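Per-chain numbering from 1; labels A, B, C, D, E, F, G and H assigned in written order.
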Amino acid sequence: MKRKMNAEGPLIIAGRAFGSRLLLGTGKFSSPQVMKDALNASGAEIVTVALRRVELDNAQDTLLNAVDISRYLLLPNTSGARNAEEAVRLARLAKAAGCEPWVKLEITPDPHYLLPDPVETLKAAEILVKEGFTVLPYINADPVLAKRLEDAGTATVMPLGSPIGSNRGVKTRELIEIIIEKAGVPVIVDAGLGAPSHAAEAMEMGADAVLVNTAVAVAGDPIAMARAFKKGVEAGRDAFVAGLGIQRKRAEASSPLTGFLR
Amino acid sequence: MVEIQINGEKRHWDRPVTVFALLETLGICSEAVAVEKNLRIVPRDQFAREMICDGDTIEIIRMVGGG
Amino acid sequence: MKRKMNAEGPLIIAGRAFGSRLLLGTGKFSSPQVMKDALNASGAEIVTVALRRVELDNAQDTLLNAVDISRYLLLPNTSGARNAEEAVRLARLAKAAGCEPWVKLEITPDPHYLLPDPVETLKAAEILVKEGFTVLPYINADPVLAKRLEDAGTATVMPLGSPIGSNRGVKTRELIEIIIEKAGVPVIVDAGLGAPSHAAEAMEMGADAVLVNTAVAVAGDPIAMARAFKKGVEAGRDAFVAGLGIQRKRAEASSPLTGFLR
Amino acid sequence: MKRKMNAEGPLIIAGRAFGSRLLLGTGKFSSPQVMKDALNASGAEIVTVALRRVELDNAQDTLLNAVDISRYLLLPNTSGARNAEEAVRLARLAKAAGCEPWVKLEITPDPHYLLPDPVETLKAAEILVKEGFTVLPYINADPVLAKRLEDAGTATVMPLGSPIGSNRGVKTRELIEIIIEKAGVPVIVDAGLGAPSHAAEAMEMGADAVLVNTAVAVAGDPIAMARAFKKGVEAGRDAFVAGLGIQRKRAEASSPLTGFLR
Amino acid sequence: MKRKMNAEGPLIIAGRAFGSRLLLGTGKFSSPQVMKDALNASGAEIVTVALRRVELDNAQDTLLNAVDISRYLLLPNTSGARNAEEAVRLARLAKAAGCEPWVKLEITPDPHYLLPDPVETLKAAEILVKEGFTVLPYINADPVLAKRLEDAGTATVMPLGSPIGSNRGVKTRELIEIIIEKAGVPVIVDAGLGAPSHAAEAMEMGADAVLVNTAVAVAGDPIAMARAFKKGVEAGRDAFVAGLGIQRKRAEASSPLTGFLR
Amino acid sequence: MVEIQINGEKRHWDRPVTVFALLETLGICSEAVAVEKNLRIVPRDQFAREMICDGDTIEIIRMVGGG
Amino acid sequence: MVEIQINGEKRHWDRPVTVFALLETLGICSEAVAVEKNLRIVPRDQFAREMICDGDTIEIIRMVGGG
Amino acid sequence: MVEIQINGEKRHWDRPVTVFALLETLGICSEAVAVEKNLRIVPRDQFAREMICDGDTIEIIRMVGGG
């Protein structure tokens, strides 16, 4: 796995290095201040944002006041898009709104489970890559689709662990393992990670990074939870680099097996 | 008398206005938004020049919290 | 759960406070130096040791030279004991050898899977508690046995996650959840934790601490792995205290659900 | 595994042969008639019963009117017993009430999770074996306890898959696999089997039989569910005897791997 | 779920009724006779076949001599196809070879894990549906893709449980549950089912049928294993129709909770 | 006048009775039950002979549905 | 002298042959196969008429065991 | 001539020795070990006084790495 080569180095996406392997979403926080403190505690350097209409009767921008843009790479997502055309339109708007030409591409025709559309996602990725965007597509845990997106020039693939906001963890483990084995671009596990142990598990599998939002934003104490995820991601990454032992069926004594007083 | 569709709502002006003026009137800081006029993006450096006339459809978009 | 009351405080065993919730075993390290550095990186304050005969022709004590006793509570285990009598004899020898009267009580009649004997363990615990020992019994994930040991005066219970050295993680989750819910003494998950995500999971469940040995000692880089487990345990504990969200079947949007350009 | 020797033969408990490997409980049925039909559909030859006081003001015996005793071995359980003494007393009463000297030994001090007490269970087993009872003890998935009970002369061991009535399936798989590997008496997986797939899984692991009650009794259609469990148990047993393939990480083509038009 | 309406009826695909909900593959059998007997024991009415070049120097057709075509619907697959074009070509050849215009559409660019290509599969499905084929597409467990294929007119969707021939069971449970909930056409779980308990689990989830090949063909006793899968599928289906109980965290007594001698 | 504790309830008889008579009076078929007198089991073939006197504690047990 | 590519192998005939004759010569029962000539499928009822000439590419396909 | 069983091995001395002397002779630092004489633990402060005689069985135990 070439990806393991620079295991100890930083996360590199599209030639840009990041010290943190935890990406944080900015949705669902109870207040801008809580969000700001949580971002701070998480150590994240990439934070996702959505695009929506300005409310004409309530026009002051609260989000950006809270976030110190200079400290983070704002990664706009295309949430709300139901097909390639809408996603491309949102990506262009994000750029016009002052974001760098990076986009978390998500296309979810079904508002119920918010699962991504593989065909529209590939179509939109091809267009956006041509337009010079750095594309990070949110996808089902589909190794063949992941490979096709990589071939189309996306900067990463972002397979889901389980449905968005479900907090169920890495339920697609078998397939994500294959994606990681085959991938030539960073694999960022997105969606469904509900606890630091889930994030650690993904990193131990060899994922390059994880993206978390709901689990932090709606935690009893979002700032403490952000810190917990930071440690979980680092723990999992350190363990992956340090080299995990294999799982055994038999027990293996940790004390000398000389028996009683031998 | 011009009628403009802004973010899905009908609004009226007594004469055509620039994007810049429109945003100012609405109290929107032009730094943080993107503007679409009839499905075409208006580059920020055009805000002062781009006129909005009767029947135009305008989208004013900004970043919000999202995952 | 009274146990959650001092969730943010230190780990308290038999009235003694410990800042770290990671206990480390000292078996199977490739060298005393590696062990020393791993102990250091782990932040552990309690380290387990075994008791064996001095080899008459090779009498220099390597272990204790490596470990700075003053920094750690040495917790002797009764590994090798096949019944209560042998375990009690080892506990007394440990005390005579200069250890404090603390003992990790493990009685494993079957050398194959090294699983604990519930009946002998309870019998030995009753004797050792009477003799003034602080007893930390290693047990199967058996809530009724855990309660009986607590009633007999043990300082903790140490249910296994999976067989010793198997690296398979918390396979007994359902039963350990019950032990934690019912326990009035600290619950330390012991055995089988093969990765930081396993340790984090145990802590997120509400365990008070975990004990790890094989996964660190035999890692490609034991020092880095010790650090990884330290972070994993802290991540899991922080998350438990911060309050984890519930798992959902449905997805829950992290971006505003106003739909496309609404 | 000596147990595999007569894999194709009947289930033999204490020298008595049974054609069915599904034991059925008689609790919680909506009516005696439904129970009777479910027993019939299940093909069970061993059915468990409990012992309770006769209600003095409502003395007609409904259960036995429904069940044709001659067709089944009635296996009285000691449910309600909180210690060895109570369990032994119930076993003797069952015998006095006309049951054969067989007993499903269950001792559950905690009414909440109804988990078995290993120490009291062993104590009661030793007494009842001496008195000539055929003892089938309900236990936690504890391989050492299972061995000790076998050594004490019990006719089987009945480890739990998950807490009684939880319908969660074989959550203790790792430990039950060890029990099966080591056992010299039939292993009957009891408690927590909520679906035929759970029963099939237990049988595929090499269990000799399973006991089911809640999942059948409270099903939408208990008779159909009884039939479903009958098939599930047979499916799992047939598969165990036929020899299951190993699990692979890689895919393995089922069609010739000559590629497209080759 | 409209699909549950005719829960007790036969499996209906493209207006055609089938009594058996087990589809069997014909690959990897040790001999035509073993295959014939296994087909017989399985009760399958739909059997899949592949298409390959006739070997010019070894032209006798062994497969069709073994199978009594009149008893089964032969379902040709497009195995070996790496893109839509090749798959369409194989489907047409199958029809020309005398098969009915039914096709199991599988497009697997990567020979390693044999996972399906979502984009090419949808493209080929649209073409073949237009040409009047009854299309049964093999797909990843992707609810959005499943819906798009249904909208394109496929007769079923066939999500994978785990990689072909891996015998790992329903590892994609969360996503297949969503596919079943949303589907308006039969859902047939294909690939990776290694034991009858896996097949039963899929059916209990509400799948309309399962397809098995490797687990039967390479079993120690393929005929007995075919029978085991037949029972497993029936058990799972019966249980789904009968109505499974919910899983509980708490235990629920199966014996009256009046306590000891109350 | 004798007082007997049966299954936790006090009952009165004007004279000592046999187990058999007791069961008959209570309308309990003796075939399907076990009887304990003062914690000692009364064998079924003793029902007709075993006398229950003032102060005795009786348990009458039967099989019911259970798992 | 005609050269035909059959299932990837070069074969030679002294004169053009029908699909039917080809299959017969190869000992292939025409009932169970499909034939492609230059990427175009030859319907079975055309086997007797369809001529194979020099340079043609033929695929002869049959069903085999598969999952 | 005394024979002592030490940690399972027979060893010989020409006269009885104290535990302390024994450890010294064996080159074992008495700080880190526990000593059992005939299944009875010898307290460390008794090492200098406790005599080991012919036929005694001695166990000398120390801590080693363990989990």
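Note that in this section a contact is a pair of C-beta atoms (placed from the backbone, for glycine too) under 8 Å apart; a residue touches a chain by one contact, two chains touch by 3 or more.
These numbers were taken from a predicted model, which means no experiment stands behind them.
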{"item": "Chain-contact steps, minimal, separating subunit H from subunit D", "value": "2"}
{"item": "Repeated interface matching A-H, over half of the contact pairs identical, chosen among B-C, D-F or C-H", "value": "B-C"}
{"item": "Of C-H and B-C, pair with higher C-beta contact tally", "value": "C-H"}
{"item": "Distance between chain centroids, defined by C-alpha means - subunit F, subunit H (Å)", "value": "69"}
{"item": "CA centroid of subunit A to CA centroid of subunit D, Å", "value": "46"}
{"item": "Centroid spacing, where centroids are CA-atom means, of subunit E and subunit G in whole angstrom", "value": "33"}
{"item": "Subunit G, residues touching no fewer than two other chains", "value": "8, 59, 61, 64-67"}
{"item": "Sites on subunit E at which at least two other chains make contact", "value": "25, 27-28, 50, 52-53, 77, 79, 113, 115, 163-164, 166, 168, 213-214, 253-256, 261-262"}
{"item": "Subunit F contact footprint on subunit D (complex, rising order)", "value": "25-29, 35, 48-54, 56, 59-61, 63-64, 74, 76-77, 79, 89, 92-99, 164, 211, 213-214"}
{"item": "Interface residues, subunit G side, partner subunit D - complex", "value": "8, 59, 61, 64-67"}
{"item": "Contact set on subunit D toward subunit C in their complex", "value": "108-110, 113, 115-119, 122, 140-145, 147-148, 162-163, 166, 168, 171-175, 178, 182"}
{"item": "In the complex, subunit C residues that touch subunit B", "value": "253-256, 261-262"}
{"item": "In the complex with subunit A, residue positions of subunit B that touch it", "value": "6-9, 11, 26-29, 31-36, 39, 41-44, 59-67"}
